[in-house]
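My questions all concern the structure below.
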Amino acid sequence: MTTIESFTPVWACIVSLLAVIPIVFLGKSPNLREGSTFVAGFIKLALVVSMLPTILSGTTIEYTLWEIVPNLKIAFRVDGLGMLFGLVASSLWILTSLYSIGYMRGLKEHSQTRFYAFFAVSLSATIGVAFSANLFTLYLFYEMLSLATYPLVTHHQDKEARTGGRTYLTYLLSTSIGFVLPALIYVFIKTGSSLDFSSNGFLEGHIGSSEAVILLLLLTFGFAKCGLMPFHSWLPGAMVAPTPVSALLHAVAVVKVGVFCILRVDTGVFGIEYLITENLGAIISWIAAFTIVVSSLIALTQDNLKRRLAFSTVGQLSYIILGVSLLTPQGLTGSMMHISMHAFGKITLFFCAGAIFQATGKKYISEMVGLGNRMPITMIAFFIGSISVIGLPLGGGFWSKFYLLWGTVSGGHFAMLIVLLISSFLNAAYFFPIAFKAFFCKPEESLFEKKFQEAHPCSVIALSVTAIASIALFIYPEPFFSLAEMAASVYLNSN
Amino acid sequence: MLESLSPSFNYWIYVIIMMIGLYAMISKNNFVKKLIGMSIFQTAIILFYVSISVKEGSTIPILYHDQIHPEHGEHHEDGQGDHHQALDTLAKEHHDSHADHGDAAAGSHYPDLVIKPDDFSNPLPHVLMLTAIVVGVSTLGVGLAITQKLYGEFGSIEESEILDTIKSSND
Amino acid sequence: MKILGLIAVILTGGLLLSAVHDFPDWGDTTSPANSYRLSQYYITETIHVTAVPNMVTAVLADFRGYDTMFETVVIFTAGIAIIGVLRRYGPGPKLAAPKETISKEKPDLIITTTCRLLIPIIQIFALYVIAHGHHSPGGGFQGGVIFGASFILLAVAKDLQTAQKWVPEKRVLKLAVIGILIYAGFGLVAMLFGSNFLDYSVLHPLMPATDSIMARSHSMLGVEIGVAFTVTAIMFSIYSNLASGGDLKEGL
Amino acid sequence: MIDQAPALILLIPFLASIIVALVGFRFRAVCYPLVLLGMAGSVWASIVTLLSVLEGGVIRYHLGGWEPPFGIELRIDGLNALVVVVVSSVSLLAAIYSKRTVLAENGDKVSQFYSLFLLLATGLLGMVLTGDAFNLYVLIEIAALTSYALIAMGPKRATLAAYKYVIMGTIGASFYLLGVGYLYIKTGSLNMVDIQEQLVARDLAGSPAIMVSFILITVGVWIKMAFFPLHAWLPNAYCFSPTTSSCILAPLVTKVMVYVMVRMMLTVYGAEYTFAHLEWSRIIVWMAVLAILAGSISALGQTNLRKMLSFLIIAEVGYMVGGVWLAEEMGMVGSIYHIISDAFMTLCVFLFAGIIISKTGKTDLNALDGMFKKMPLTMVGFLAGAFSLIGIPPTAGFFSKWYLIQGGINSGRWEYVVALLISSLINAVLFFRIIEIAYFGVKPAEGHDHHHSDGHDKISEAPLSQLIPLLGTGVLLLVIGLYNKDIVAVISDFLSSSNLGSGIR
């Protein structure tokens, strides 16, 4: 495996941070402001894509920015897993920006400049997490993301937003300061190393097995953005945010950062081999399994569309964690692919939920009967997103779920196989009725006239693109598949 | 007399005085009494320091004129007499002792003068206590000024009354 | 609070007494404090290296001159602090003692006459104490306090206004500042001569017919005068502010 | 000139204070420029000194040309070179802030206020620089007298708080003086380094008098730094004093006293005596834990902005005392680094409190209603301080916590680690409560209305003289955080040169 040094990952990270300056100064003229958001988005995507061939050829890109504490550096490193995540995040940023133009203008939201500025900061933090080379840099960007998303979550600045924001920060800060920070320092002391992720972990030999269990639990629950129960309540709470925020946060930035961190910890800090020898996968997989089943059941009972999607997200995230805790090559591949597949599927769903709210002001599922008459494009996209998230063919989610199932079988975890199947049924049970009732209801039940009236065109374009992408990923799941497979093979065959 | 009771009676006295002052500072209700306690407290420390500097059979750390210029002065037949004898006998060792101090005394205006350390009490604690006295006076002054301002603002210098005033104004 | 105070006092006292048996006896010439080279050096060498027979003054104004400068600053600080806390410019609520304690009667003839005779004598004595501080007991602080006391006596015997005529607030500040500047000036000039702050020995070119040792002696006199200025001014200022409750109009 | 820099550090503000007292009395307008000039000169000299210490090691400046122990020396090593830069620059920033507030709060006594302000800075700088145990006492008293007055110059309640401070402060300083006396009686010396040499040469480790002196000095210094449960004087004193006073007192006084404690423990008594001979580390760390928890929890109950911050100082003092007494190198590094970072973060939040109070005239948290709209830049400056106190990377506060926790883990003091984490979380609650009030307003709208009228909260920023120090402090917090490696390298050099021996693990 070869390594090259390049400043590109740093640029990719900070380009959106730099975009804050024009966004703030061009706040008076919305078109220029959004223009600069797009320019930054495309530059970011271009930078990420420019690194793709290098990564696919098995090379990693590194750059050390700053040695901040003796022996501890702020450093960037791009490998298969990071590339996969970075690609998802940067491509979806552009679509979300497009969508939010429609949404924010459509609803005439206040403080749009602040909104776009913090949006850009969040993206920087996300890419920073994706490309960070060690646990410390990861933590740095993780905290940055928590704080940068707070103004987005509480954008409405009303009482509800305050409550939601309070829950959001309470969970995220208390876990990161209370669990991750001490674990981080403990690992630093015990290994005396620079906390650099290595493909087979660096903890082995430095700690005893009981310490390993505690550290694993601290680091797993500490990255509460992954939504593992019992630290999941912030996610439904954060639904007070405007929909584009929910979409990006819950489909891409925040929650995926959480699971990404756990993937990094399991693969780069502990190492798959070490987890196998200490048999630590089982703990995580049972927590994940519990979360999957319970959250799916809760989702069934929710009438608020965004809350239902939120609980669905909680469950889907645990798929990813479950996948890595199976400690098999297929499971690992599946879980990494699920990051991207779920991202495209779930963002479509959120876009649709937002578009519905934008056009009709409806939030509750029971109010959406017959909506297909009025917003056919949106509801078709919603259907496609549902398919992908459930994991049925024609949706990109099929591949990731397929690999996850394969992973359970090959690892002999039949209990997990059953969990996955049950939860898939539950997924279908809470998604299909929405689309079904929108199109196939008796005319007298329909709450909407047959008058074609979609949301703001920007929003519709955005959600169509993501829906089409979800299908496209079924037909051609590249480059995510290669990246995931490559990363999985690196983590499992390194010794 | 006290000396016969204990060879370190001076410390006992200073501790007792100091504790009287400390008790007043902590327990008195009247702000001026507290400041008086503070003064007692600081004076006790001065006593302690000064008692360090005492040496059996020594005098104040100031050279008399006739000690500096023995040929001009007359020998007093008091406590200093012993000292001058000692001074004479030590005169011969003068050069050795100077050698220890190197250049410091190179240009001395009194090259023949040799002083025996045990004849004079230790000057350093005196100096320190001069400072401490000054500090004590200053603190007392500022304390009194603040007390006066308190009196002007609350109309009382009793701690409990002032606290009552504050409590009732908060309600 | 009383019980708590008592407990605290007993604990502290016990702590302090617990070390007493470890201390040298009263008047012990061999105790570390008395036999260490520090005090020995001060006693035996002061006269040789500074030409000042009063060791206390020499240590005060030269060896530990830096301390003493700040000691003067402490006094100065106290003066400024009291003005800052108490002084009132213009009319305001009366802060000081109730009015009835202030006597409106004319001062007694005997007292005023005695004071008129006594004050010059006190002041001359104060000047002696200051000027002779490096040869006999005395020095800037002592002399300054005596000098200040003479003004306080004037204020007590006549009234504050009379004393204020001699030393109004502006003059207080001027005197105090000049005193400190004299002290610091000796140090700063030494710095200009390329030596360390307060190193008087390099000042001998400024003083005719002296060598570096006598320069120390003379500089000590100088700084003592500076100290005296400050102490005089501030002592009177403290008195007049406290006595009049900060308006400097009428006092006790 | 460079050789004289150590003395100039405090002589410049000292002379400025004297001139301010005289000239400023008549011409009020010269006070402010003179103060700035004095403090800027001090900052310059302290930076020059720091650089020459980094280059050539310990500087020993013999005052009056006398060799120690006969004369007094300024002894500057890595530790106090760093602290002195902090003290002078914090004073400079507070001085810049003072431009309008002094006129508003003490308009008739501007020259006295500024003179005391500079004398306080002089006293604190002197405390940090000196190498003589008794000289330290004199300077403690200068700093104390000025702080009494600076506090008492505030309104009603401040006078009472100042009185309490006089009593407590005098007890503290007198204990220190007594402790020095006990040291002197056993060693015969007053020079810090010489005392240490004498303690070793006379083999005094077992002497009860030395132990008592250690207790006296430590307790005296604890009173001065408001270490729980000796903190009673602090909250009211910093809460009711004029805002300018609290801006210089709150960041510096406690921090400099922590420095004095470290200096006493490491240089005078020596790490071996402090940690290996006296086995008090366990108890004192528990006391620190109590201090941290008590300070943080009391802060939770406050509605007055400055009082809340004052209780945080008590918790922060607990951090530092605990960190030093972990008897572990990383803890020591963390504590010393925290002296630096905490000075700036406390300055930052107190400047902010001062701005809010002078702008709105209100002292409670509700004064912050909607501040993100009205004073966005001020809030940005505040956020830097708040994030630092919470410990969010990459601000300075995060790294001090990083080293302190590392020390706690290394020495196996989990209670200390847990207390630090709890206090961080409480700080997060405290500051996000402020942020919520400033962001949502005291009473946010029930439903969300999309047409927030931007008319009624117009931007009205603090004046530049207040904004510059606030934002400057915020930037410094980031710089100190990002360059913590270099600062820690200086501290480590100091620790390795001060012969920690077997005292420290």
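Per-chain residue numbering starts at 1, and chain names A, B, C and D are given in the order in which the chains are listed.
One rule holds in what follows: a contact is a pair of C-beta atoms (placed from the backbone, for glycine too) under 8 Å apart; a residue touches a chain by one contact, two chains touch by 3 or more.
The structure presented is a predicted model; accordingly, all values stated were derived computationally and were not measured.
**Student:** With chain centres set to the mean of the C-alpha atoms, which chain is at the far end from subunit B?
**Tutor:** A
**Student:** Looking at mean CA positions, which chain is nearest the middle of everything shown?
**Tutor:** Going by the distance between chain centres and the overall C-alpha centre, it is D.
**Student:** Sort out for me whether B-C or A-D is joined by the greater number of C-beta contact pairs.
**Tutor:** Top pair by contacting C-beta pairs is B-C.
**Student:** Measuring centre to centre with CA averages, how many angstrom lie between subunit A and subunit D?
**Tutor:** 43
**Student:** So what's the Cα centroid distance for subunit A and subunit B, whole Å?
**Tutor:** Roughly 75 Å separates the two chain centres.
**Student:** Take the average of all CA coordinates in subunit B, do the same for subunit C, and state the distance between these two points in whole angstrom.
**Tutor:** Averaging C-alpha atoms per chain gives centres 15 Å apart.
**Student:** Just the number, please: Cα centre separation of subunit A and subunit C in whole Å.
**Tutor:** 74
**Student:** Two or more other chains in contact with one residue: find those residues in subunit D.
**Tutor:** Within subunit D, residues 134, 138, 141, 145, 148-149, 152, 159, 162, 178, 184-185, 190 contact more than one other chain.
**Student:** Show the residues in subunit A shared as contacts by 2 or more other chains, in ascending order.
**Tutor:** In subunit A, no residue touches two or more other chains.
**Student:** Please set out, as single numbers or ranges, the residues of subunit C touching at least two other chains.
**Tutor:** 16, 21, 23, 31, 33-35, 38-39, 41-42, 64, 67, 71, 74, 77-78, 81-82, 85
**Student:** Could you please write down every pair of chains that are in touch?
**Tutor:** Applying the touch rule to all chain pairs gives A-D, B-C, B-D, C-D.
**Student:** Can you check the complex and tell me which residues of subunit B touch subunit C?
**Tutor:** Those residues of subunit B that touch subunit C are 3, 7-12, 15-16, 18-19, 22-23, 26-27, 51-58, 60-65, 67-68, 97, 101, 104-105, 107-111, 113-120, 122-127, 130-131, 134-135, 137-139, 141-142, 144-146, 148-149, 151-152.
**Student:** Residues of subunit B touching subunit D in their complex?
**Tutor:** Going by the criterion above, the answer is residues 22, 25, 31, 34, 38, 41-42, 45, 48-49, 52, 124-125, 128, 131-132, 135, 138-139, 142-143, 145-147, 149-150, 153-154, 162, 166.
**Student:** Tell me, which parts of subunit C touch subunit B in their complex?
**Tutor:** Where subunit C meets subunit B, its residues are 1-2, 4-6, 8-10, 12-13, 16-17, 20-21, 23, 25-29, 31, 33-35, 38-49, 51, 53-56, 58-60, 64, 67-68, 71, 74-75, 77-78, 81-82, 85-86, 93-96, 135-137, 141, 211-214, 238, 241-242, 245-246.
**Student:** Write out the stretch or stretches of subunit D touching subunit B in their complex.
**Tutor:** On the subunit D side, the touching residues are 134, 137-138, 141, 144-145, 148-149, 152, 156-157, 159-160, 162-163, 166-167, 170-171, 174, 177-178, 181, 184-185, 190.
**Student:** What part of subunit C is in contact with subunit D in the complex they form?
**Tutor:** By the definition above, subunit C touches subunit D via 15-16, 18-19, 21-24, 31-39, 41-42, 62-67, 70-71, 73-74, 76-78, 80-85, 87-90, 170, 173-174, 176-177, 180-181, 184, 187-188, 191, 195-202.
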